[in-house]
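Each chain carries a letter (A, B and C) given by its place in the written order, and its residues are counted from 1.
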Amino acid sequence: MPISFEKVSYEYAPHTPFSYQALRGVDLQLAEGRITAIIGATGSGKTTLVQHLNALLIPSEGTVRVMEHEIAAGRRFKDAKKLRQKVGLVFQFPEYQLFEETLIKDVAFGPINFGMDADKAAAVAAQALSTVGIDKADFEKSPLELSGGQKRRVAIAGILAMQPKVLVLDEPTAGLDPQGAAAVMELFRRLNRSQGITVIIVSHDMEYVLDYCDQVVVMSHGQAVIQTDVKGFFESEQYMDQANIDPPAIVRFRQLCAAKGLKLPADALTIDALADQIAKRIGR
Amino acid sequence: MENAIEVKDLQYSYDQKNDAVSGASFTIAKGSFTTIIGPNGSGKSTVAKLLMGLLEKKAGTIVVDGIELSDTTVGDIRQRMGIVFQNPDNQFIGATVRDDIAFGLENRCVEQPKMDPIIDEYAAKVGMTPFLDSEPTNLSGGQKQRVAIASVLAMDMDILLFDEATSMLDPTGKRDISKLVHDIHDQQGLTVVAITHNIEEVAASDYVIVMGAGKVVLSGTPAAVFKHQAQLLKLQMDVPFVYKLAAALKARGVKTAETLDMERMASEICRSASKK
Amino acid sequence: MKNITLGRYVPADSFFHRLDPRTKLVAMIAMLVAIFLPTGFYGYAIIGVVMVFCILAAHLTISTVVQSMKPMLVMLLFLLVINCLVVKTGYVWLNLWGLLIYSDAVIQTLYIVVRLLLMIMITTLLTATTKPMDMTLGLEDLLSPMQFFHLPTHDIAMMIALALRFIPTLIEESQRILKAQASRGVDLENGTFREKIMAVLSLIVPLFVSSFQRADDLADAMEARGYVVGAPRVRYKKLRLRAADYMTLALVAALLGGLIYLAVVLA
């Protein structure tokens, strides 16, 4: 079942002098089993949008449907805890949520909260830690002994251990070095391809959106203005202009060549494909 | 021309077991724009803190502007060299932008009547004049970093260190701060040392120092450093797009001139294609 | 979410908002002393009228002040009951089903209630018209003579200023942590006692850990910008007394003097 937003609006601090309309009538469908990127300028409503997916926020207007759950404006949503086990949300800079004495205890915290017994939780936690690439020898270490990148992976493991069907990540690569970021994106792709987990990623980094995501949603001023597949998005000058993003290097290069009179096909979105096209044009 | 910074055989250890910095040596020329890159854990931030005397080195020498760093000279060195850290919130000390820029001036015992003009001047230099009385919770990350830069500039430093100053910012913030730093370097002839992950920033610098496992592994101009592709890959470092494209083209029999400039490469390819 | 009014400061532009914080601090202390002078209800009436006038002049409402009394209502009623049971002097004022309530019991309680009300008016006037940061500056100046007794007044003022600067940041961070842990199934309302303890720990521990990291980073930033604990510094914000301040201090002194005279006369 796809996840859908029907005319969803959200207002922070209503009826106060600080009220702020973050979402204005969002109509959106997020495909099941795919990796969708949510992009847009800071303040466009991306973080507000994804916090509706696990009922951290309830819409001021409209309805959000996630799997068999319906989160409607004006009504108390009673199944929040059930939903939060199925939709795992990883915040930006999730390192700060680690608090237990050891990594394995921290990762087991989520599953235990959702009713798993301690032994099973420990097993699931061990599995999750291995999935994110933490060595078994380190399981009993304290989170404080880890580097930033390692802490982030443990935080992600903490959500994976909950065995969610949908994984939502807010800027998972922020502040990571290039290899750390690539490792983390690879992980999501693996989880999606091998277990069919729906992955939703809020991101600013167009390189990763191009290389790892299937679908893209563009948010602007609280509305979802574009919803399309990634290839279609990066092939369209119009879409990229409308989204007002910094295109990935490969697109910028194509644009530079076009400006100098060499039109290269828009669907050459990998370095090999582009090199093939250029070689052809030069006559090799 | 005297060097801005000279480091010889620098050593530091956080926990008496492994050395975070194990014998690093490098020089930074006056007025240059140097980038320091390396995988996380290679010791880059540690070196920055050691240069500022915020950590006490285990061994080695650090000479800044001709002054050797020691307990007695730390204050003098901090008068000539400043640093902008990664986290915009954790270096914003004042209650407002004005107060934060004033902080360094207060420490320097600048005469109180002279402070306002200095604050106004440097806030303008970084484009934060409309926000002088704003509180940090109402500012974006990029704006807070601009204030950090202004407060360091206001102390009239010759050498500026940037420890991943853009890594916690969104793309707009990253772009603005990078541009601001380059403008400052070009206009005021300051020496800039930027620790960064951004490969494009590296390509735009004068000199690159590559660190790995606490040592300086490679150094030189960006072009010279990126030639060592195999070594960079082994360090799991990213390589600029133009280099990756050049390699792919080479594999297809298309030779391109060595360049780090995307525009130049595009021009060359367009010329070759039109010649056909 | 970001625009939380810190403490009880109410932004406005009144005579009192414009006064030097030192004037207000000194005036407040003088008025608090005045309340405890044995001037009886005459004195309280005078102070009361002055305070009502000041509160209105500061663009505040009486109801805000009365609201602050609410938390103490229960305690005051309790006090009234205790006094009625214990104090048996004065004349009998009321006979409540056999319990004799004496006038002194009621009057003593009334004294306390009125004094409390006046104290609240005075402190509210101070906190509503003075930003916490300005109060810190005022305190720093007033207490600086204490340096001769080895009290590190400037360092204390710096610590308070930093704490004030970071309170909104910490509040935001705790809200983020709350949401992050809620996403991991933390439920503060339901659950066993042990679960609730873990829930609270999952909020407090990360906040502490990040605060220590923050403190480290801040210390580095401050030192890098030349801050040395105990070294001489020049403060950017200079407080300057104006005519309005001298006038206010003079009036307060006159009021205090008058009330002392009244107390002497009544004795």
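Everything that follows uses one rule, which is that a contact is a pair of C-beta atoms (placed from the backbone, for glycine too) under 8 Å apart; a residue touches a chain by one contact, two chains touch by 3 or more.
What you see is a predicted model; the values in this text were computed from it and never measured.
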Spell out the chains that contact subunit B while also contacting subunit C.
A
Of A-C and A-B, pair with higher C-beta contact tally
A-B
Taking the mean of the CA coordinates per chain, how far is subunit A from subunit C in Å?
46
Averaged-CA centre spacing for the pair subunit B and subunit A, given as whole angstrom
30
On subunit C, where are the residues touching two or more other chains?
2-3
Using the touch definition from the top, list the residues of subunit A that touch subunit C in their complex.
12-13, 17-18, 51, 54, 56, 81, 84-85, 88-91, 94, 96-99, 109-110, 113-114, 144, 158-159, 162
Interface residues, subunit C side, partner subunit B - complex:
2-3, 133, 161-162, 164-165, 168-169, 172, 213-214, 217-218, 220-228, 231-238
What does subunit C use to touch subunit A in their complex?
1-3, 173, 176-177, 179-187, 195, 198, 201-202, 205-206, 209-210
Subunit B residues touching subunit C in their complex are 49, 52, 54, 75, 78-79, 82-83, 85, 87, 89-95, 98-99, 102-112, 115, 135-138, 151-152, 155
In their shared complex, at which residues does subunit B touch subunit A?
39-41, 86, 140, 167-168, 170-172, 175, 197, 199, 236-238, 241-242, 244-245, 248-249, 251-254, 262-263, 265-267, 269-270, 272-274, 276
